[in-house]
Amino acid sequence: MGMFSEELLREARPIWKKFLPHRFLKEVAEGKISKEAFARWLVNDYYFVKNALRFMAILMAKAPDNLLGFFAESIYYISQELTMFKENAEKLGVELEGEIDWRAKAYVNYLLNTAYAGSFLEGFTAFYCEERAYYEAWKWVKENLKEKSPYIDFINHWSSEDFRKYVERIEEILNSLAEMHGDFEKERAKKVFLEVSEFELLFWDIAYGGIEYGGDKTSKGEDI
Amino acid sequence: MGMFSEELLREARPIWKKFLPHRFLKEVAEGKISKEAFARWLVNDYYFVKNALRFMAILMAKAPDNLLGFFAESIYYISQELTMFKENAEKLGVELEGEIDWRAKAYVNYLLNTAYAGSFLEGFTAFYCEERAYYEAWKWVKENLKEKSPYIDFINHWSSEDFRKYVERIEEILNSLAEMHGDFEKERAKKVFLEVSEFELLFWDIAYGGIEYGGDKTSKGEDI
Amino acid sequence: MGMFSEELLREARPIWKKFLPHRFLKEVAEGKISKEAFARWLVNDYYFVKNALRFMAILMAKAPDNLLGFFAESIYYISQELTMFKENAEKLGVELEGEIDWRAKAYVNYLLNTAYAGSFLEGFTAFYCEERAYYEAWKWVKENLKEKSPYIDFINHWSSEDFRKYVERIEEILNSLAEMHGDFEKERAKKVFLEVSEFELLFWDIAYGGIEYGGDKTSKGEDI
Amino acid sequence: MGMFSEELLREARPIWKKFLPHRFLKEVAEGKISKEAFARWLVNDYYFVKNALRFMAILMAKAPDNLLGFFAESIYYISQELTMFKENAEKLGVELEGEIDWRAKAYVNYLLNTAYAGSFLEGFTAFYCEERAYYEAWKWVKENLKEKSPYIDFINHWSSEDFRKYVERIEEILNSLAEMHGDFEKERAKKVFLEVSEFELLFWDIAYGGIEYGGDKTSKGEDI
């Protein structure tokens, strides 16, 4: 039957194909990305990492004893990305605490709520999805890098051997968790994987900015 | 200084003006709304109500003893909306379990996560915002209704005297809660009110459907 | 193989035998319970009911859509017990907001934490355990009642046909949930059932009061 | 008015005096503790540390952005205690995964539930209480140590300069948090501090083992 992680990746392939590579990744690899687009991504991804740490923490609180050490190390490992963001933002002259796109908020709140209300398997599946997607995305950039990039720290980090091992460890844990669960639970976790995949795709679009929203703008409205 | 609820409504007025009335509300009042638009709203609002019940339940779990009775009654009261949706969906020939717009998901996950991770005051402020906004929206429709409407059950319910009293009770509780809290906590709660107001506005747009999203559609992608 | 609920009750029988009937239940049935003992139980059980409502609310937030109505009704139904406590406390001249025994706190915090951090099946199993145990306990009292009791409202409520149906509904839901889950999840839920059974047993002892605790009482201690 | 941490310690002094020093701490310092008593403590404290990590993780998920780094480091720091327990248990010939006293469970579930349902200030106050109490307890042992101890790793760890700085950092954060909050919130946090103090006291008793509990043992019970 194969590993659970393989099933997940197979089912989500139509979605993953849309961001492997996404226009953003191609433009970073080719050195064609605008400063504005990269800055928008930077601000929103910094927000994402902070909340990914919260997401991991909620999962840790539900984790079996034998995974507490793994989570402690993983949270510490990912927390160091915050420094990478700060240092690069300064170097690039970007104000990190900028406005957050609501697609980023939608993604983050989905993850947090899945960790709080979902089963541990569902939460862990979401965790695998977002980390694996990041590894694949930036590995693609690394392999297709055309020239010296001002964004090399990000490219190197998420395509590194350390990051690969980290994702591999998550995958191993997920597969052994999945083996202990019945089909009902696994089917639910698959839905989470597809949902997170959609959010990954959506997230890359943020770099290119604004979806206009906000109701009927010609209306003068009524006082309440 | 005035009531906390008044401060909230004053600060959020620029947002509320955009949906009081929103194109959707005007079209419902004028009997001009398309079946498709109403159906889209119906499906997404049914999803919203189910998750609003979960949101209220998370808040109830954090509530002080003297609010347990209020929450038990409120959850029961709102749960009856599920029946209203089912009966009207059948009458209108709409399949209730349709596809959910990700703006609805974004809103719902924000509420759930605020209830889980925020302070009780923040969560309760979100609660007040969404119920008050609904009352104002549908009261506007009721007062501006041009003709017999196939959607009269919804219009009557959310503009009813019962619903008004329910919202008033939430407002009273919020104001007495706010009095016990310092400025730091109230400032945070205000931010929640503004955020929920933005989501209310965003939600009405759903009826008019699809924002195109989904990455670089010309890309053929790479296998993972 | 039989129903999951039957397995649970069979495995927990050695524990349940210790409280079916417990000294407290026998003394209530025989009219021999002291006022002090009953008052201590009353105060702690009122605390329990308030937190059982919170426990049910946390579960509701994790429940699948088709159980939202069930939870809304159940929370409302159990919330009415609060009135029964208040009315009877007044009649009996007992101050309801008395000191809470830490065995009651231990039980309550276990339930709340199981609902927050455990799987929905684990939480629902705990829910079944505490409600079923109450029904059995008070049904025993009802069937063995020797004379007119000042506590008849409690006896009648938890042995009533309504309460029986409520417990039966919980049992049906639990059994259908269990069918969808694999052995790993069910084994974990069984452990929860045994743990809650121990707490039920422990709870009845509270009526007879104080376990002395509090460290080395001969010590004079050191200032910090 | 002084620092919030000072107020807390002053109000809790009557409780802290009962465990500074507790019989357990004196016997460890004097080398008189029985192997059985120490083993019982070891097993229960290992259980405590695992759940304290979960408790910290739940708090981290609610923490403001500027504390994410602090929590990531703290969780990693405390996770290393697990190794200390394993190594020493092996050296001492103690089976770490032994039976857990329900006083330990009561404490742990109180902490976890406070982190989930309480305000961030309440949770953080509980965090300060348990870490500060541990530092004071083991510093007392360190200062009163009569001879070479087989338990020196524990004594050294919790009285170390590193641990002192860690507790000091928690205290600073708590005090700056408290300054931002009003009296209502601070009063609630004080109650948490007193409650956790009681649990700290209760916990030390575990070494001396069993409180008999378990209902009416002469009863033959009834089948359900």
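As written, the chain order gives the labels A, B, C and D, with residue 1 at the start of each chain.
Simple rule for what comes next: contacts are C-beta pairs under 8 Å (C-beta built on N, C-alpha and C of every residue); 3 or more make two chains touch, one makes a residue touch a chain.
In this text, all values refer to a predicted model and were calculated from it rather than measured experimentally.
Contacts with chain A and chain B are shared by C, D.
Remark: rotation between chain B and chain C after Cα superposition is 180° (nearest 5).
A separation of 35 Å divides the Cα centre of chain B from that of chain C. With each centre defined as the average position of its C-alpha atoms, the distance from chain A to chain C rounds to 42 Å.
Averaging C-alpha coordinates per chain places the centre of chain C 28 Å away from that of chain D. Each of the following residues of chain B touches two or more other chains: 54, 61-62, 112, 117. Chain contact summary for the complex, chain A toward chain D: residues 50, 53-55, 57-58, 60-63, 65, 68-69, 71-73, 75-76, 78-79, 82, 112, 115.
Against chain B, the residues of chain A that register as touching in their complex are 9, 13, 16-23, 26, 54, 102-103, 105-106, 109-110, 112-113, 116-117, 136, 140, 198, 201-202, 204-205, 211, 213-217, 219-224. Per the touch definition, chain A reaches chain C in the complex via residues 61-62, 117-120, 180-185.
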